[in-house]
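Here come two complexes built around chain A, the first alongside chain B, the second alongside chain C.
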Partner chain A sequence: MTLLSEILELPDSPEAVFSAFCEREWCDGLPIIPPTLERVESMLGAVAGDPQESLGALPPLWREATLEKLAVNAVMAGCLPAHFPVVLTAVEAMLDPAFNLYGVQATTHPVAPLLILSGPYARAIGMHGGSGCFGPGFRANATIGRAIRLILMNVGGGWPGRHDMATQGSPAKFAYAIAENEAACPWAPLHVELGYAPDQSVVTVFGGEAPHNVNDHVSTGAAGILHTVSDTAATLGSNVKWYLSQSQLLLVLGPEHAATIAGDGLSKGEVKRFVFEHARLPLGTLKLGGMWGIQDWPEWMRAVTDDRTLLPIVASPEEIFVIVAGGAGKHSAVVPNSTFSRAVHRPLTRLLNGGHRE
Partner chain B sequence: MGRETPSMSESRSIRVLSPVGEARPSVLTAPALPSDLRGKTIGFLDNTKANFDRLAADMGELLRRGFGVQDVVHRRKANASSPAAPEILEALAKACDLVLAGSAD
Partner chain C sequence: MELAKGGTPAGLIATTTFEPLAAAELRARGIGGLPLLVIDHPLGGEKPDGVLRRAQQAVRELVALIGVKP
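Right, the complex of A and B next:
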C-alpha cells in the first residue's frame, strides 16, 4: 500500500505528538491517536478502494477527500477500522450538492453535520441510540463524529474564525453522531421509511443545530406531546423558516414520548402533519426580528398581511424527519437545520467481508 | 521500577502522517482587471443580506461619477447561503466587464 502524505518525525510521547498537532492547527483541541503508517493502513483495510481515490474536493478550501486523508483523520479521532466505512459514507453524503457543504462549513450559523446511522451495522459496531446517545460515553458515536469534524477541519479547511465562520461555534461541532433506537421505535426506522431494506445500513447527514430540548412530563396523549414539540420548533431565533424552500426539521423523539404518541394511533406521517400544522408563528411575531426583510419565501407567504396569520416553518410535512433515540425519560429533541442544506442519505458501501459483523 | 525516564522516552521518535488534504491544481485563467473603468459596465452580485443593496447603489453612483463607469448592473441571489443561480452568473458574465461579489451582514 503506497501512501503519499507528508511524514513528520516527532518525539515518541503522547504530549509531544499532541503539542505538535495543536501547534499546526491539525486537531480539535483534544488529544489524538498518532496516525502512524501502520494504523492508517489498518484503517484503510476496512474499506474497498485505492488510498488515492478521492471522493471529491471538500469545501471551503476544496482539498481532495482521498481515502488516505480520511483514514489519517479517522485514526486521529480514535476510530476502529470497523467505524471507517461509516465515516467514508458520511463524507460521500456530505459531498452531495443538495447538502451544500460549503454553506454548512462556512456559515456564521452554529450548525454541524449530524450523522444518523440506521440499520444493522449500527448494532454491529456499537453505535449507540439509547440513553444519552448524543453523548458522552460511547466510542463509536464519539469517534465517528469526531472523525467527521477533523476531516472538515483538516481536509476541508474549516478552521474556526477562518473559513468556519460560526459566530459562537457549537458543542455539536466536536462530535455529532447517533444511531436510531430501532428497538424502541414504534414505527419503521428512517432507512426503511426511505425505501431501503431493513437489513441495509444507511447513513443520513443532516446539517443541524445542536439538539433543542423538548420537556413534556405531563402529557398523557399524542396531542400534548406534539404541541410541546411544535412550540419548541417554532421560535423566532431559529434559522428554520426564513429560507422556506430549504428549511427542514428533525424530531428526535425519546422512546417514552414515541410510545405515547403511537399509543394514540398516530403514524409517523401523522406526526409530521401535526407538527407541520402546529409549529407556526404569527406574521406579527416574525416581523419583530430574526431575518425579517431578507427572508426567501414563496409568493403566497409574501402576500399575507394579517399579523395574526400563522405561517409554517417548513414547506410541507415531508420536510420533517422523525426518528426515535434516547432512553428512559420524558424528553425529546428538535434539531432545526441550517436552512440551506438538505438531508442526504447513503447506504453503506465499500464494506469488506460483508461489513455486517454481527 | 521499570518506568522510563523522560529522556529515554523522548529519545525515541514516532513517524506520523499529515492529516491535511491537498488541492488538485486547477487551471483557471481569469482575465486581467481593467486598468481604466471609463466606459465599462460594472456588476454587483447581491447576497441579499441587509444593506448590501444600499452599499451597491452608493458605490455604483461613485463609480459612475468619479471613474467614468458607463453602466451598473445589480443582480440578487435567491438567498444568502445558496450559490447564485447559473443564469445569474451567465447574465453578469455576458453584460459586465467587472463584477463585485457582495457580502453584507
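Right, the complex of A and C next:
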C-alpha cells in the first residue's frame, strides 16, 4: 500500500502531537489519535478502493478527497476501521450536487451535516439511536461525526472565520451523527421508506441546524404532540420557509411520542401531512423580520395579501422526513435544514469483510 | 467562474469579510486573476443610505477594475 502523505517526526508524547496538530490548524481543538502509517493502513483496510482514489474535490478549497486523506482524518477522530465505510459513504453523499457542500461549508448559517445511519450496520458498529443519541457517550456516533468535521476542515479547508463563514457555528459542528432507533419505530425505518431493502444499510446526510427540542408531557394523542412539533418547526428565525423550494424538515420523534402517534393509527405519511398543514406562520408574522423581502416563494405565495393567511414552511409533505430516535421521555426534536442543501441518501457499498480486511 | 473559463469577461463581487474566501476560491479554481470587486460588509440589514454608499463604492471599484467610466 503506497501512501503519499507527508511524514512528520514528532516527540513521542500525546501533548507534543496535539500541540503540533493545533499549531498547523489540523484539528478541531480536541486531542487526536496520531495518524501513524500503521493506523492509516488499518483504516484503509476496511474498505474497497485504492488509497489514491478520490471521491471528488471538497469545497471550499476544492482539494481531492482521496481515500488516504479521509483515512488520516478518520484515525485522528478516533474511528475504528469498521466505522470508515460509513465515513466514506457520507463523503460520497455530501459530494452529490443536491447537497450543495460549498454552500454548507461557506455559509454564515450554523448548518452541519447530520449523518443518519439506517439498517443493520448501525447495530453492528454500535451506532447509537437510543437515549441521548445526539449527545456524548457513544464512540461510533462521536468519532464518525468528528471524522466528517475533520475532513470538512482539513481536506475541504472549511476553517472557522476564514472559509467556514458561520456567524456563530454550532455544537453540531463537532460531531453530528446518529442511528435510527429502529426497534422502537412503529413504522418502516427511513431506508425502507426510501425503497432500500431492510437488510441494506444506508447513510443519509441532512444539512441541518442543531436539534430544536419538542417538549410535550401532556398530550395523550397524536394531534397534541404533532401540534407541538408543528409549533416548534414554524419559527420566524429559521431559514426554512424563506427559500421554499429548498426547505426541508427532519422530525426526530422520541419513541414515546412516536408510540402515542402510531397508537392513534397515524402512518408516517399522515404525520408528514399533519405537520405540513399545521407548521405554518401568518403572513403578518413573516413580515416582521427574518428574510422578509428577499424570500424566494412560488407565485401563489407571493400573491397572498391577507396578513392572517397561514403560509407553509415547506413546499409539500414529501419535504418532511420522519425518523424515530432517542430513549425514554416525552421529548422529540425538529431539525430544520439550511434551505440551500437537500438531503442525500447513499447505501453502504465499500464494505470489506464487515469493515475489516483479513 | 464558468463564464470566465469560457472567455466571457466576468468578475466576482464580495464584501470585505468574504474577500479571503473569494480570493481562496478563485485560486483553488485556477482563475486567481479574475477581477474581484470588494465592497464593505455587511449587505443585509442596511438602511437605504448604507445601500447607496455600497452601490457608489461598487461603481468606483468597477471603474477601477475595467478602466472605463460608465
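The rule is short, and it goes like this: the second predicted complex is superposed on the first by the 353 of 358 C-alpha atoms of A that agree within 3 Å, B and C clash if a C-alpha of one lies under 4 Å from a C-alpha of the other, contacts with A are read in each partner's own complex, and residues count from 1 in each chain.
Going forward, a contact is a pair of C-beta atoms (placed from the backbone, for glycine too) under 8 Å apart; a residue touches a chain by one contact, two chains touch by 3 or more.
For clarity, every value in this text was computed on a predicted model and none was experimentally measured.
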Inset, instruction - Based on the superposed arrangement, let me know which partner A:His163 touches: chain B (first), chain C (second), both, or neither? - result: second
Inset, instruction - Kindly classify A:Trp62 by the partners it touches after superposition: chain B alone (first), chain C alone (second), both, or neither? - result: both
Inset, instruction - Specify the partner with more touching residues on chain A, choosing between chain B and chain C. - result: B
Legend entry - Touching partner for A:Thr235 - first (chain B), second (chain C), both, neither: neither
Legend entry - Contact residues of chain A, present in both the chain B and the chain C interface: 61-63, 157, 294
Inset, instruction - Would you pull the chain B residues touching chain A in the complex into a rising list? - result: 6, 9-10, 12-24, 48-50, 78-83, 105
Legend entry - Residue ranges of chain A touching chain C (in the complex, touch as defined): 60-63, 106, 157, 162-163, 165, 294
Legend entry - Of chain C, residues touching chain A in the complex: 17-18, 20-21, 24-25, 28-29, 44
Legend entry - Contact footprint of chain B on chain A as seen in their complex: 3, 5-13, 16-17, 26, 34-37, 40, 54, 57-58, 61-66, 68-69, 72-73, 76, 100, 102-103, 107-108, 150, 154-157, 243, 246, 293-294, 296, 338-340
